[in-house]
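Letters are used for the chains, namely A, B and C, taken in the order the chains are written, and counting of residues starts over at 1 for each.
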């Protein structure tokens, strides 16, 4: 630590990049305004305890929001490189923007591991591994589940139009529902309604009023599920509309517990954060490597049958 | 009355906005080196009259003559080019601009540095400071100072100096002393006198009779859009003028009305 | 009307009893503190020292580390200076949040999806942006609706149009774009160890804008317009045309930033960039521009933008809790506004303070 250096010395050494010491890794993730990322962050922090115990460090870098996603992600990658890290754990959301930056990082000898999104980019990046669910597969599972429970017309709600992972989730729902003989209606809400509970709730209410044949909703984020539940509640349509969602939260689980929500598709973000951080560090420090790749952390469907154990995890901030 | 050609003359000016007649049959003349005081209560049509003179409005009928020739203005810019300058209550200056920049707003002196046309700050400051000092304001000595740092009187003076510098023949002063204290107002009145001495025709709008009487050569009282009285200096007493402004009621009537209410 | 007398000799200005002490050293030093950019510079220096200190370990100050926050600032900066012009002129433009993605998408759709030559895409993008700016300007000057509301309307209109046109033409809201070498070098290259092309655009534009605002006559018009619109019009300044031109300048600069981003990152997205609206306004206000118009400087905005870049990106180089970065920005903004008031008071109190007993009033 050179914190005691005077400011003058600092200015003089402005352009000397200090070399990395020990094994430092950067984990780049989504906005913390999003509950999902708080759970993932817990996984990163828990793994961080192990990393620090072994003399390494973890720097968790977040995009501030999703307004300027590609450029913001690249800026974070560049920052991680500038900070002289040895490894980066990151989802690939905007490949056109991120790939050149990640390839440049790899050329500098930085090990990359992927999580949450971008399984198909593993090979191109020579990534260590991928931890996450397959969005499409999870979508198929969700669509099929609701269709088999009897939903004939499922509304799939996309909160950020154009986000590839969300689009493939809904594509999965479409295909999964079709397999079980039901139809799906994909709704792309304007991006300014993202994270806007009231706005989204009213918009979903309008959809339900406009088409009374809709008898199932699948949302792609826990907060959106809260909004959908509110819309259903307002219309007194609990008997008509089944609600399923991607990602869990305490409110999702308590609705499942009380029978107001049918299911939640968990991709277990805790594992994504924990495993990507821990295995990346272990690889750098100890040279270990998980043989299975990619490692799927989901989908795990939580419904009335397994709600008890899920609730315990939520209480601890890990689900 | 002199026989010289008035600088500006209004003949039978009428102005109406739709069905509302604001000005009727206004006839006025202002000679060089003379101050016309335009008196009138709020709503008497003073501001419409000066806007008509300044080219903001066109008269519905009647004509404006300058130097004996009829003129027509399509906008304030044309009136200015013809030599009619208006200085408003707050001086028409920009509080957060320097004196030099404010003085030359819209008519910036420039010089060329290679391909670049650059605002000539030095020239602008020199001319601005000199013009103001010529009016006796010695406190202004640096053109880089902010206009907002000047007193109200100084700002009025700056605006008048500006108008004179840019060749105004007719200077319309819209309530220049309304927001000022006694000392500051006296200062502006001195500048008005200086302007008169330089041979401009000044139209001085005010509702303060004292200020009008101290500089005016010629008085016109506007009541409900018409000229209620038109007289030369010394022809009426202060009380008479005050009465005229109050709409013809005598002060005694007014006092009776007030005490009657109480 | 006689023009300003160019050959006026440096006449007898110093002939009065009042000493002209404005040229001595102490006064010049004091003059520095009256400049709108001084506060912005001091704020920037402060956050630079703080983050330089706490982020030193993680290479905040290295070339590549600096490039991250300078790069971040450059996009905001290209847009913030014309926004600052508008604010000095007494108006606001928040439609940039939609114009940036709209521009990136226009380029992405024409030159990425439809594979037209990149120069056609760039020309079209700049023209569309200019048209949006023109519409903003026309509505603001022709009606009495405040520019905040007008541009709020265009913000949503443009954002909706972008989204629906994107879906209509490409059936997605995100398009890939592969620019040819020259365009990549000009708009999306990396130089001097990590600095993006946009940084050099930003610096170049800053120089141009300094000339326009502080040395050309147009700058004087902008200040006059914001100082007092009526007086400016009476002084013969074409206020409406000037305003429309400024709105167009904002939109075109925003489009330039969008073009740089799309080419740099090989892709364009349609979501509205609401953060950009706040970032540009913060940069301008921290840069010492008065929200009510009539006062400000280009260098101030430049420093304000860098300050924002340092705070927003610098926090990642430190162990400071990430959640605090918005708090820091909020506090900084408040301090900046308070400081601006002080500096403005200093600026206008110049003469009255100096000459309590001088002069003739």
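Quick notes on this one:
Methods note: contacts are C-beta pairs under 8 Å (C-beta built on N, C-alpha and C of every residue); 3 or more make two chains touch, one makes a residue touch a chain.
Computed from a predicted structure; not experimentally measured.
Taking the mean of all protein C-alpha atoms as the reference point, the chain centroid lying nearest to it belongs to C. Set against the Cα centre of chain B, the chain with the most distant centre is A.
Each chain gets a centre from the mean of its Cα atoms; for chain A and chain C, those two points are 35 Å apart.
Chain A and chain B, compared by their mean Cα positions, are separated by 70 Å. Chain geometry summary: the mean Cα position of chain B and that of chain C are 39 Å apart.
Those residues of chain B lying in contact with chain C across their complex are 54, 76-77, 80-81, 83, 86, 88, 90, 92-97, 101-102, 104-111, 116-120, 123-124, 126-127, 129-130, 133, 136-142, 144-146, 148-151, 153-154, 166-167, 183-184, 187. The touching residues of chain C, counted against chain A in their complex, run 49, 52-53, 56-59, 61-68, 71-72, 75, 97, 159-160, 163, 166-167, 172-174, 176-177, 194, 261, 264-267, 269-276, 312-313, 316-317, 322-323, 325-326. For chain A in complex with chain C, the touching residues are 1-3, 5, 7, 10-11, 13-18, 32, 59-62, 64-71, 74-76, 78-79, 81-84, 94, 96-97, 100, 160-164, 167, 188, 190-192. Within the complex, the chain C residues that touch chain B are 1-6, 8, 10-14, 16-18, 20, 22, 31, 211, 215-217, 219-221, 223-224, 227-228, 230-237, 290, 294-295, 344, 347-352, 355, 358-361.
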